[in-house]
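The following pair of complexes shares a single chain, subunit A, combined with subunit B in the former and subunit C in the latter.
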Partner chain A sequence: MGLDFEATPEEIKIFLEEAKEQIQTLEDGIMSLEKEHGEIDPESLQSIFRAAHTLKGSSAALGHVNMAKLTHEMETILDHLRKKSIDVTPELVELLLDGIDGLRIFNDEIYQGKESGIDVNDLVLDLQNFVATALDITPDTPKKAPFHPDQTDLKGPLFDASLETAALEIATSLNQNVFEIEVRLNTENTLPPVRAYQVMMFLEDIGQLIASEPTLQDLEKDRIEDTLKVLLVTKTDKKAVEDGIASIPDCKKVTLTAIKKANKTEKKEKIISAKPSTDLARKGVKAEKRTRSSETVISPTIRVDVDVLDDLMNLVGELVIDRTRINSDIQKLHERKEAEEALEKLGQTGNHIGRVTEKLQELIMKARLLPLETLFRKFPRMVRDLALKAEKEVQLVMVGEDTEIDRSVIEQISDPLIHLLRNAIDHGIEKPEERARLNKNSTGTVCLSAEPEENYIVIRIKDDGKGIDPAKIAASAVKKGLITPQKVQSLSVKEATELVFMPGFSTAEEVTQVSGRGVGMDIVKKNLENLNGSIQVFTEVGKGTEFRIELPLTLAIMRTLLFQSTDNLYAIPLSAVAETNRISKAEIKYVDNRKAINLRGKVLPLIHIEELFNLPVPQISGDFYFVIVVKNAKGQVGIIVEKLLGEEEVVVKTLSKLLGETRGISGAAILGQGEVAFILDVPSLLAYVTDSRLAGACCN
Partner chain B sequence: MTKVLVVDDASFMRMRMNKLLTENGYEVDEAENGLDALDKYQKDSYDLVIMDITMPAMDGIEAVKHIKDLDPEAKIIMCSAIGQQQMVIEALKAGAKDFVVKPFQPDRIMESIKRVLS
Partner chain C sequence: MLEDQKKTLGPKDHQVVVFRLAAEEFGTSIDSIKEIRKLSDLSITKVPKTKEYIAGVVNLRGKIIPVIDLRMRFGMEKSVSETSRIIVFEVEDDVCSAIVDEVNEVIKIPNENIETATSMVSCINKDYIEGIAKIDDRLVVLVNLQLIALKNQANQNAI
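What follows is the complex of A and B.
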């Protein structure tokens, strides 16, 4: 079912962004409550409470009833925690975390514009019951007998006769009037005690309150149903009192009875004023409101520092000035006036544009950077849940969350990191009793760290678990038919360990709930390589395992090696290039009809770039080939190209999906003169080479 | 033109209120918590303040007290959630004029504004 909200897409976008932050604050807070057994400082507790409160208000305003309901219950509990009227128990933490999960689902519903079909009522009931049990009241207990005054018929005096007499005495001495006032309050969508309080404040302003039911003190303790009665002595006339009260919203019905000395009970006058319902008017407004179509797509947003935006604007301003200068110089050139000077100025403007665009590039990159914290912060909860399921005690240590990396990288490393964390908990860390037997701390530690290193960010996932046994890995790979027993013998310890990255490999004897999700380490490796990153594994049996991931700072701009072949331009990421070489045609040998050379004692398979794309191979004149040696974990391959053009920093453009299968090409780059170069996707190219053409030859 | 300061920590709520008031011909400024509101109120004068209660840095009640110290004539409407009656009463005691309840109903807000400004 579609969800329609009375909000513009822009408003929804802001709502989602804020809600996401508030949910995170809630989750972090609840987890620290769990860790500290409820002993967290009042300021932190207050901020958790505030997050729930604000989210409740916003979701109700947006019209997401379920989200408002859920946050209301969570807020109630947090309020009790704040007032220390209930304690933090494991059950409560579970309930609140379930609430967080629910909120995330609802946020997603709003994002998708579709209902998920999740029923929130059970959880709401559980939360209510928890509070009721904790406070030792059953929710079924009827509330204190409501205060029910005689409603329309004034069968008798509202107040005790002695009070009326006292009021009359005061009124007479001051030559003023006495009124018995009864106000019926609207109780929907308002705060009846506050309205009553406002009425009392108004009456106090114009006279003396002799008595009231409920009293001011009652109001401050929320003791009111829907009726307020006041005995008032005032010099103001009846009409003015009545109008004054009626101007306060939510006063549905105001009944004023003037009390006279002689015949105080018989001659009561009734003045009843009712306000027109505003419901109809409201409905009209509602119908006119724009509703958001459920198909509207909300694009992801990023918060950018205003300073960065200002700087960007300044730089763009400079570019606009440059454009004007260029136009005027071109004009001069056209008119052959002051041509020399115009040319010189054009040169200067060109230099200036160069400097400005460099700064622009730097700033935009900065704007695209996000701290890894945005990704890391969901891990503590995940590790907690996984450890609980696996019956293990795991402590997650995170270092360097403030390291910044391009947002598109962050999005794409989420799954690989989750997989590695799952593995660490499921396969790495031992159960507490086993750890105790091994003289290890019964709580295992998983350390997730990030730090910049030159143009790379290095992320490490390290556990102090049982490590990976290369012999066991090798045996398993043989058993699964991934590698021949002969070949296994020749593998080094490191190579054997790296078999975990082979497609179809998994050491778990049985697929567990935690790790067995059909994603293998090979996928993790492939995903990281797609980002021009890499992964390595270091392990020691009995001590633990470390995965070391290297990632480029950004995907948007790439340093490449440009080359040309058969009139096509190609760019190859520098990170994948081992070296370039000029090879004499005479050195080429043929292995299974394939070209290869002996490069410093190793066989290097060679392939024409055209062969990789099934294009006709050009005749290259001269005695030499230019060869680009590309590397990956499996080995090296030399790509024969017509002409090397040099290094260039290019802006990566993704290719349209309309182009269909573009294996071997990850994108395109537009060069200085408007030419288009294909950016080669080295891992998939090499896979192609090793799979279909040079199997075995490149892996020795 | 009547100038209104909308104080709320949720920019979503500020945006809604801002839109409603602008559509009804008011000039709107926004503040994101009590402290920010106080700061703006010191620098500029407003005919009306619409004030959320639960906010970081300085809550709405504290802000009402300070603004009233600064300008005893200040007209303030509190934005309250169901359940915050005690806080609203406290704010009224401190000098706030009225309140509206979240989720907002545009006609009720306009009704309250007219009442407070009259």
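What follows is the complex of A and C.
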């Protein structure tokens, strides 16, 4: 079933973003309630309560009845907690967390514009029953008024308190006013519906209709008495609204009442007790221009469309190119003497542009950065649930959540991190009894940390569990036919441990556990490598395991090594380069008819870049080859190229899908003279190299 | 996706860019065409491991776009000359381009002058042909460049 809201896409977007934050606040709060067994400071409790309250208001305003119902019940419970009239119990925490899950589903519903078909009533009942039961034990607390669970049409016969609250929430967030408007129409005229319609249209123009009686639908069916009531959020002031309505013919009497936050509570009770109160013309309340409350915290940040940032990035990219171009022109001019003075100036300009672009580049990169917290904050709940399911006691310690990283990186490391955390809990941490037997703290610790290191962000996931036994890993790999028993013999401990990253290593049961994701350690590794990152594992049997992930700060600008071969320009990410070397042709040996050299006691297979791309191999004159030694999962390979051009920072551009598959190339860069260089994707490039060729590198 | 692109021609006159490949005249709707450039003004960089009819990519004001060699795409012999042009066109939310031997003119073709393609017209796969336009004694084969470009992405192996 489709969901339709009377809100613009922009408003829905804002709602979704805010709702997401509030749900997160709720979840964090409830988890800390559980951890502290209810001993939480009143201020934090207040902020959780407020999040539920705000969410109730805004969801009601949007018209998501189920979401409003659910938040109402959660708010009721939080209110009792706040007043200490009920206690925190595991059952309560579970219920509230179920509520959070429900809210997330509703949020997705709104995002996708269709209903999930989830029935909220059971959960609402459970929550209500819980309160009822809990309150019977402590009967001196007054019961809170029910939220009219039967009321499905939010545009009902009266402006329910929740609607007023909602209107106020919206108005506060937009810094606008709320008016209750009553218009008496001249019924002698034959057209009251038309006039009423005109009034509504006018109001819709100047603000946001939260509710009306009769509704627009009623009006379309000519259903109207002589009075029209509207709840309006607008930035227009009282006078202008009044004048506007008055200018429409046949409006006999217009009454405007400004609603303010201050008297909200009082009014709420009044309306609920008085039921269908038609007395909307509240006496003597002056319209105040701004209804603001101390609760509103105006964030010092603004939301920027990602597209805008991307465009800026492209522009800066072009500036960077211009800078290089000017510099190279200057270089050329330098060879002629006569233009000395002009040259000087050009040089200064070049320098200036250089400084400006550098700053711009830095700023825009910063604008794209997000704290890792946006990703990390969903982990405590996940770890809690996983630990519960695995019957283990696990505490998650997070360090460095404020470390910032490019937003596109954040999106893409979510699944790998989830997988690693899952592994730490499922396979790393032992059961409490087992840990006690081993003289370990019965509660296992998983530490997730992030810190910047030069141009990289290092993320570590460390557990104090049983560690990975290389012998078991090796045996398992042999059993699965991933490696021959002979080869296993020659592996170092580290190499044996790293077998966990081999495709096909994850067993079938593990795959079902991460149901739907289809993630194994090999995929984790591949995803991180696609981001130009890397992963390493350190482990000690009985002590624990640490995964160390290195990620680049940004994907948009990359430090590369440029080289040329057969008229083509290539850029290879510096992160993939181990070293560059000039190798004498005389040193080259042939193993199975293929080139290799002995580099510091190790056999290094050599391959022409052209071979990797099935291009004709050029004749390279001279006695030497230029070789770029690249790191690869299986070892090191030397790539023979015609000419090394040096290091350069390039702006990464993706290649159009219309080119078809371009394996081995992850993107392109535009160089100073407008030439296109292809950025090599080392892992997929070397996937072409047959295993037998690389095996030599690994086992020698 | 491919089906969407293959819309039948509308009821009105068609503005068509007429270009030449070898001795044949082709046309394509002007709507999606962004610009037409001299081949000699742009430098094409070959992309390793792509189909042979992909001439490469060009840097068009900071954007890297693919270039299809239409002659090769249609199974003709590769050949460039002074008159060769690159037609830059939009494909969904992407941009692509194609090399042709010459761009002759932009003409209006009334609907009634367009016939559906029969199997015997051209060496080109019938899927890409939207119709045959008759202008006096000339025959212009109307092709859908978008479909041709999208085919690279959808199934590289099919020609």
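Basically, the second predicted complex is superposed on the first by the 460 of 700 C-alpha atoms of A that agree within 3 Å, B and C clash if a C-alpha of one lies under 4 Å from a C-alpha of the other, contacts with A are read in each partner's own complex, and residues count from 1 in each chain.
One rule holds in what follows: a residue touches a chain if its C-beta (ideal position, glycine included) is under 8 Å from a C-beta of that chain, and two chains touch if they have at least 3 such contacts.
Note that the coordinates shown come from a computational prediction; the quantities given were computed from them, not determined experimentally.
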Which partner, subunit B or subunit C, touches more subunit A residues: B
Which superposed partner A:57 touches (first subunit B, second subunit C, both, neither): first
Subunit B versus subunit C as contact partner of A:47, first or second or both or neither: first
First (subunit B), second (subunit C), both or neither touched by A:201: first
First (subunit B), second (subunit C), both or neither touched by A:249: first
First, second, both or neither for A:676, with subunit B first and subunit C second: second
Which of subunit B and subunit C A:621 touches, first, second, both or neither: neither
Touching both subunit C and subunit B, counted on subunit A across the two superposed complexes: none
Subunit A-touching residues of subunit B, taken from the complex the two chains share: 9-13, 15-16, 52, 54-56, 80-82, 84-86, 88-89, 92, 98-99, 101-108, 111-112, 115
Residue ranges of subunit C touching subunit A (in the complex, touch as defined): 43, 45-51, 54, 57-59, 62-66, 91, 94-96, 149-150, 152-153, 156
Touch list for subunit A against partner subunit B, complex: 7, 11, 14-15, 18, 47, 49-50, 53-54, 56-58, 60-63, 68, 189-194, 197-198, 201, 219-220, 222, 247-249, 278, 281-282, 285
Complex interface listing, subunit A residues touching subunit C: 314, 317-318, 321, 568-569, 613-615, 653, 655-665, 668, 670, 674-676, 678
